[in-house]
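Have a look at this one.
First chain written, first letter: the chains are A, B, C, D, E and F, and each begins at residue 1.
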Amino acid sequence: MAGKEARSQAFGAHLPPVLIRQSVEAALIEDLGRAGDITSNATIPPQAKAKAVLATRQDGILCGMPLAAEAFWQIDPEIEFKIEADEGDHISAGDVVAKLSGDARAVLAAERVALNYLMRLSGIATYTARYQAEIAHTEARVTCTRKTIPGHRAFDKYAVKCGGGSNHRFGLDDAILIKDNHIAVAGGVKLALQRAREWAGHLVKVEIEVDTLDQFREALSGNPDVILLDNMTTDQLSEAVAINRADNAGRVVLEASGNVDLDTIRAIAETGVDYISTSKITMAASTLDLALDIAISD
Amino acid sequence: MAGKEARSQAFGAHLPPVLIRQSVEAALIEDLGRAGDITSNATIPPQAKAKAVLATRQDGILCGMPLAAEAFWQIDPEIEFKIEADEGDHISAGDVVAKLSGDARAVLAAERVALNYLMRLSGIATYTARYQAEIAHTEARVTCTRKTIPGHRAFDKYAVKCGGGSNHRFGLDDAILIKDNHIAVAGGVKLALQRAREWAGHLVKVEIEVDTLDQFREALSGNPDVILLDNMTTDQLSEAVAINRADNAGRVVLEASGNVDLDTIRAIAETGVDYISTSKITMAASTLDLALDIAISD
Amino acid sequence: MAGKEARSQAFGAHLPPVLIRQSVEAALIEDLGRAGDITSNATIPPQAKAKAVLATRQDGILCGMPLAAEAFWQIDPEIEFKIEADEGDHISAGDVVAKLSGDARAVLAAERVALNYLMRLSGIATYTARYQAEIAHTEARVTCTRKTIPGHRAFDKYAVKCGGGSNHRFGLDDAILIKDNHIAVAGGVKLALQRAREWAGHLVKVEIEVDTLDQFREALSGNPDVILLDNMTTDQLSEAVAINRADNAGRVVLEASGNVDLDTIRAIAETGVDYISTSKITMAASTLDLALDIAISD
Amino acid sequence: MAGKEARSQAFGAHLPPVLIRQSVEAALIEDLGRAGDITSNATIPPQAKAKAVLATRQDGILCGMPLAAEAFWQIDPEIEFKIEADEGDHISAGDVVAKLSGDARAVLAAERVALNYLMRLSGIATYTARYQAEIAHTEARVTCTRKTIPGHRAFDKYAVKCGGGSNHRFGLDDAILIKDNHIAVAGGVKLALQRAREWAGHLVKVEIEVDTLDQFREALSGNPDVILLDNMTTDQLSEAVAINRADNAGRVVLEASGNVDLDTIRAIAETGVDYISTSKITMAASTLDLALDIAISD
Amino acid sequence: MAGKEARSQAFGAHLPPVLIRQSVEAALIEDLGRAGDITSNATIPPQAKAKAVLATRQDGILCGMPLAAEAFWQIDPEIEFKIEADEGDHISAGDVVAKLSGDARAVLAAERVALNYLMRLSGIATYTARYQAEIAHTEARVTCTRKTIPGHRAFDKYAVKCGGGSNHRFGLDDAILIKDNHIAVAGGVKLALQRAREWAGHLVKVEIEVDTLDQFREALSGNPDVILLDNMTTDQLSEAVAINRADNAGRVVLEASGNVDLDTIRAIAETGVDYISTSKITMAASTLDLALDIAISD
Amino acid sequence: MAGKEARSQAFGAHLPPVLIRQSVEAALIEDLGRAGDITSNATIPPQAKAKAVLATRQDGILCGMPLAAEAFWQIDPEIEFKIEADEGDHISAGDVVAKLSGDARAVLAAERVALNYLMRLSGIATYTARYQAEIAHTEARVTCTRKTIPGHRAFDKYAVKCGGGSNHRFGLDDAILIKDNHIAVAGGVKLALQRAREWAGHLVKVEIEVDTLDQFREALSGNPDVILLDNMTTDQLSEAVAINRADNAGRVVLEASGNVDLDTIRAIAETGVDYISTSKITMAASTLDLALDIAISD
C-alpha cells in the first residue's frame, strides 16, 4: 500500500487523517532527533532494500495500523505497505498483519514509531475486549473515561472502540457531567441540572453523578440524559435500575463506575445498568507485543 | 506557587521547560476542545473560588509535578500552586503532594490534564522502583528502551530516572545500537563495529547486540562501549561477565535484555551484568492513583 | 489589567485560554510580518507612552475582549488594560469598553489585531441578538450552524452565545446529524437512526433531518433526540409540533431551518419549534464598529 | 483532479500553497475534532463511493477553489476533484464549478470546510465586484484595508483581487502609513515624512493620511508616494485632485476613505481620486451560497 | 531585567516579539533535546545560583539582545537580565553588554542559544557597518538581499539595519523586482513594467533589473520606482546616474549590484548611485565573539 | 525527480525527512509572505513552463540537495527535479548539479529558498573540507561545536560531515561535557567525573575540559571518554598525547580546541590529538555560489 492508500485507509478507520499526520510527524521527530538513525546510516548502504513482515507475538485485537502506515509513509513514500488484517480483528500469535518492502534504511527508521503506536493501541483494544467479553451476556457496555495519555485522547478512545467498548465524552466540551462540586455550588441536584440545560445547546447531553439512592431519585426527577452511579454496591445498582424502570420507563441511561475490574464487572453488568465506565482500559492496559521481521538485501 | 516558580521548578526537575510548555498546551487544547469546560461554565459562577488538595491514594513514587503545575498555570496564572513533595519522593496513600487555590472554574478545567500526567508518570516511576528494588543488592541498574508512548519519550524516560532506573538512548540519533540486520548487511560483527566507529562522532557510544557467546566473544574483540546480551540464560550471562573480566578487565559495559520481569530480574542481576533493559517499566506500568479534593466557595 | 488578569478574564469568558493564545499569536505574526510596525518605528521614539480609550461607535453587544486583551499582552505584557464592560453587555455608540496605557509603539502595534477580533465577534453577537429579539416572546432560541470562518469556530460560536443565541454542534464529532444521504445509504430513517445509536456513545445526541411530514412521523418513531425540520412551511412546522406533543409528549426537540431571516423568524418561532438554526448569524453579520482613541506623549 | 494538480492549481491562483496547507489542516482539525465524522462513520459503509457536484446557488464571483481542493486532498488524496470554473469567473445560480468522486465518507468529511472557504471568499469577491462595477466608468479602483478576519489576511485580500479590487498593504510591515498620532509625535507632516523616508528601505512606499486641504498641501510638499484623504467631501476631494495635478503633475497617488458604501462610491470616484479604500468589502460581505450535491452508492 | 521587560525591550528593538518567541522556543528545543542539560543536571545542585557577565571579546556592533534575553526568560522567568548596551551600539573588546543572575542550571542551559543569536546578528551588523563606513562620504547606502539563512530573514535584515545598512524587500511579496526572465516572457521592458503596475497595489514599489545602458534608458522611460543596475562598470554606473538626472530629475532610485566587496564599494558609491546591494553582509559575515563569564555559588 | 523521490533521497542523505519538511515549509512561508511571488504573478502567464539548470559558480563541496528538492516539491509536486551530483561531491565552477522543469511561476517561487539552503550548507561543507585537507596526513579529524545558527543545528552538522569533518555532540542532552564551572561547583575534577558517571546512562559519553597539564593528569585518572585540551600550546598538546599513551594505553580520546584556524590546524594535528574542534567551520564559512539558470516558454 502506497502512502495515498494508507491515508484512505486511515480515514476508513474513522480517525481524522489530519490528527494522524501531526501525531506521527511529532513522534518521528522525537525518535530521529537531530541526526537520524545513525546506526543504519553507518552500517547499511544507501541502495539496500528491505522486505519485512509485521506480525503479532501475542493474541489480541489489532488496532493502530493507519498510524503505523503513516510512519513509514512520512519517512519514505516509496515504501510499499500491504495491510493483511483489519482494525479490530482478533489476531493470534504469529499472525502477519502487514508486509512491507522498500529502502532498508527507511524501513528501519520508521520501525519503532510504527510499533509503539501499534503496541499501545492494540494493548488497549485487547484489554477492552477482555472487559467486554466478561459482560457479553448482558446489554451493558464497557466505556472509557477522560483518563487517557495527554495528546492521545483520540487514539486511546478509538482503540477502546476497536476493542468493542463504547466511548464516553472526548473532552470537557462535548457533554455535561455534573459532579459533587457542581451540585454543591449550584445549590442542589435540581438547580444544577436546570442550569446545565439552560447553558448547553440542544445537541449536548447532560449526565449527573450520584452516590446514594436518595441523590439518584432526586436526579431522576430532574430528567438528565444519563445518571452516573458512582461507587454503589450491586444491590444499590439493581435498585436504581428498578426505580428507573418503574418511575421513568427506563428512559434515563444508567452508568456505573467505581471498583470496576475484570473480577467485578460481571456482577455490575448483571444489575442491568447500561454502561460501566473504567479508566483501567486506557490506563492499566499492557501493550500487545508486535514486531517487525526484516530481511535486508544490498 | 505562581507560574514563574512552576517553570523554575520544572527546570530544577531536569526537564526542558520548553518541552513541558508545548506538551501541556496540546493536552489542554485536547481536553478543553472548542467550547471549554461547559459543565463548570453552566453551574459555577465566575467569582467562585476553589481550594484544593492534591493527594495520592496509593503508595508510590511521585513524578510529573512540573507538568501538573504548568497545566494550572496555562489555564490561569493566578492559581496558587504550592508543592509539598519532591519529584522522586516515596509517597504513601493519603499524602498531600500539593495545595492549590484560585478561580474555581480554572482549577476544575486544568484538573484532568494535570492528573493524567501525574498518574502516568508516577506509575512509571513506581513500577521502575519495584524493579530496581529487586536488584538493590547488586550493582545492576534497570534501564528503559525506546518503547515509549509517541510524544512522551522525554517524560517517560524522566519518570524512569525518578524511579531510580537508568536511561538507555533517547532516540535513534544519540547512540549506536547495532542489531542482527546491521551485522548481516555490514558483513559481520567486526565490520559493523568498524563502520560504526568511522561514522559516529567521538561523543557517541557504540553498543552491539549479540545472542550467543560466540558472537559475544567476537563483539568483545571489536571493542564496543556496550554489549547487549539478548535472551541469554543466566548461565550464559554469568559466563559473558566472566569472559569480559578475564579478557578485557571488565572494560565493556554489559547489558542484558529479554524475559525480564519482576520474577526474573533478580537472578539476571546476580550474574553480574551492569544494566538490565526492559520495556515493561514504560509500557506495562499501571498509573498511580492521585486525585484532587476540591472545596468551592462562591 | 495586566496580562495575568487578561488570561483569567479570558477563562471567565468560557473560552479556552490556550485557543486564545494560539489564535492571537498567529494573527499578530500575520499583521506584523517580518519587519513589524515600520510606520511607528520610523516616527515614534522608543520612550513614548500612550493612553488610549477603546470605545464603540455603534450600538450593539460586546464580544471578544479576552482576545483583544491577549493581543496587547503578547506584544507587551507591561501594557495596562482595564476592562470597563462585560462580555455580552449591551453597549451604545460612544461607550468606553476599555482603557489602556503603556509603550506607544506597542499599543499601536496590537491595535488592529485587537479591533479585528472585537469588531467581528461583536458583530456576530449583535446580529444574533437581533434575531433573538424577534422571537423573545416565544420559547424558541436561535442557533448557529457549522457555517463559520475556518479557524474561528470556537470564537464564532462563543459570539453567538454572547448574543443570546444557542450553539448547535461544534464539529462533525460532538453530535450526530443524519441527513438525506445518510438515510439513503443506511436504507431508511429507522435503519439510519438505529445505526447511529449503536455507533455513538451514550453521551452523544442524535439528530435527524427531514423535509416532509411523512418523514417526520417516521423519524419520530425512531426516537431521536432532535429532529431538524428543513425548509418546511409554517403550517407544516405547526403540524409537526402538534404531532410531537400528541404522540410523544413533546419529548423530541424540534429544530427548524431554511429561509430564516429577520423577516421570517418570528412566524417560524410562533409555530412552537424549540430551535431555529441559521448560518446568517455567523456568515452574514457585519462587523460592529469599535475604535481606539490614542493620545501619545513622548 | 488529484492532489498534485490541486496544489499546482493553488499556485496558479497566486496564493502561496504553504499557507493553504496550514490553514486547511487547522480547519479540518477544527471540524473533525477528536472523533471525526461520527454520523458518516455510523451510517455509511467503508466501501461506499460518492459522486458530487459543487454548484453555486447564487450569482457571483468564484473564489477559493484551491482551498476547497486542498480540503478534499488532505482528507483523502484519492478523491478526484475536477475544476470546471476559474478563480474570478462570474458564475450564475446553478452553475457547476467542480465535480468530485471518491470515498463517500471522505467526501462528506471535507465538505463543510471546503464550502466554508468558498462561501466566504466568493462572498468577498462578489461584494468587491459590486463596488468596482459602480465605478467602472472611472479610473478609480476600490481597495481593501487591514480590517480582515484574523488568520485570513492573505485569503481575504486574494478574494478582493479576484473580485476586481486592488490590495492595500498586507500588514504593518510592507508599507508606511502615517496617521494623525504619528504626525503629532513626529512634530508635523514634514518631519513625519522625513523620518519615514529615512527609516524605510527604498522598496517601501510611504503614504500619509490627511483630513483637511491644508494638511493635504503640506503633505504634498513632502513628496509622499500616496496621500490618503480621509472623510473629505467630494468637493474637497475634487479640489485635492486638482491641486495634485496643478502643483505636482499628478504624481502623488490619491486615495479616499470614509463613508464609502455602494451609494456613495460613484460620486467619490468621479472626483478623480485613484483609489477608494473601504473595510466593507472584507468585513460586511455576506457569503455566497454554494453547495455540494452528493450521490452515494455502496 | 525580568521577562516582561525583556519582551518590552524586544519590541523597542523593532522586532515583532511573537517572531522572537517562536524562534527562541525552537532553538531551545533544538539545543536541550529530550534530556536537557545533562552535564549541569549531573554536577550542579538545584539550589546553586549563578552571576554572569555577558561581554564581547571583539570590537563590533551589538545586535540581538532581545533574542538573548528571551532565551533566558523562556528557560526561567526568574533570571534577572540587566542590559548594559543598546542595539546598534559600537562595542569594544571587553565591554560588558549585560549582567545576569539566577538559578545556575538555568543560566547554563540558555547560554549557548543566547550567544548563538548574539554572535550571528552582531557579526552581520558589524560587517554591514564596515561596508557602510567605506561609503560614508557619499549619499549611498549599502543594502541587503533575499540571500539570508532560511528562517532568519527578519533577524538577518534587522541586523543589517542595526549595522547602519538599509533593507531591500523582505520577501517575494512586498515589492516587485523584474528580472531578465520576467522581461523576456512579458515581451520587453515596457510591457513588463506595465503588467507590474496593473497587478500591484498602489502601496507596492516596482523595481526593474537592467544590465546595459540601452536597457536602462528603456526602463527609465517606463517610470519604475527603482532601477537595479547589475554588473555594470563604474563608468556605466556614472552614466546611468547622469542620464537619470538629466532626463528625469533624478526621480528614479538607482541601485547597483554585482562584484560588491570591501575593495570595490567605495568606487561604486562614488558614481552617485543611491543604493548598493550585496549578499555578502548576510552570507559572508563572520560571527562576533561574545561570551558569558559565569560564577556559581551553591 | 518527483517529490516522492526527493523525499527518498533526503533520507538517503541521512537527514530526517520530517525535519526537512518543517524547515522548508517555514522558509517558504517566510519568503512568499502573504501575497506570494507578485513579480511572477504579474508578468508570467499561468501556462508558462520553465526549464532550469542548477549549477555552481565556484569550486566546492555540494551539500543540501534534499532541502532544495523539498522546496520545489512543496511549491508544486509536479516539478521535475533531476539530481546530477551526490551530496559531498567535489564540484567545480560550471558544474550542473540538477536539472528542473515545470510550471514557470512555481520554479521561480521556490528558487531563492532552495538556493539559500544550498549556498549555506555547501559553504560549510567546503570550508570544513579545507580544514580537513590541512590535516589529511594525520589521524586527526576536524569537528564542529554547538556554535551553529539557531534552528539549523541538524543541517549545519550534516554539512560538516559532508565536508569530511566529524560531529561533536548535537545538543546539551546527548553527551556530557564538563567545564570549569561544573568542576568548581562539583568540588574538583574527580568529583565532577564521578557525578557525571552516576547521572548519565551507559550510552552517554563523558568529556571533560582542561587547560593545564596538571588538570589533564587529574582528569585522566578519572577515566573520562574524552578530554578536551583547551587553548594549550602545541608543546603542551604533544605532552598530553604522550602521557595518555604512556599511562593509559592511549585509551582516552583527546580533543584540542582554541586558536584553531587554517594556519594553525596543521601543527595542532601533528601533536597527535584525535580531534580538533572549531566553531569556524559553522560560523565563519562563506556561502558557496550556486545559481539557477532558467529558460521560460509560454
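Following the convention adopted for this analysis, a contact is a pair of C-beta atoms (placed from the backbone, for glycine too) under 8 Å apart; a residue touches a chain by one contact, two chains touch by 3 or more.
Remember, it's a predicted structure, so these values are computed and weren't measured experimentally.
Common neighbours of chain A and chain C under the contact rule above are B, D, E, F.
Which listed pair repeats A-F comes down to matching contact pairs by residue number; over half match for A-D among A-D, A-E or A-C.
Rounded to whole angstrom, the centroid-to-centroid distance between chain C and chain E, based on C-alpha atoms, equals 43 Å. Averaged C-alpha coordinates give centres for chain A and chain B that are 23 Å from one another. Among all residues of chain A, those that touch two or more other chains are 30, 32-36, 41, 109, 153-154, 167, 170-171, 173-174, 177, 204.
The touch graph of the protein chains shown is complete. Across the complex, chain D is touched by residues 23-24, 26-27, 30-45, 48, 104, 108-109, 112-113, 115-117, 119-120, 123, 146-154, 170-174, 176-179, 181-186, 192, 195-196, 198-200, 204, 279, 283-284, 286-287, 294, 296, 298 of chain C. Residues 25, 28-29, 32-36, 41, 46, 74-78, 103, 105-106, 109 of chain B are the ones that touch chain C when the two sit in their complex. Of all the residues in chain E, the ones that touch chain A in their complex are 30, 33-34.
Every residue of chain A that touches chain D in the complex is listed here, in rising order: 3-5, 7-8, 11-12, 14-19, 21-22, 153-154, 157, 167, 170-171, 174. Those residues of chain E whose C-beta lies close enough to touch chain D in the complex are 143, 166-170, 173-175, 177, 201-205, 207, 225-226, 253, 255, 274-275.
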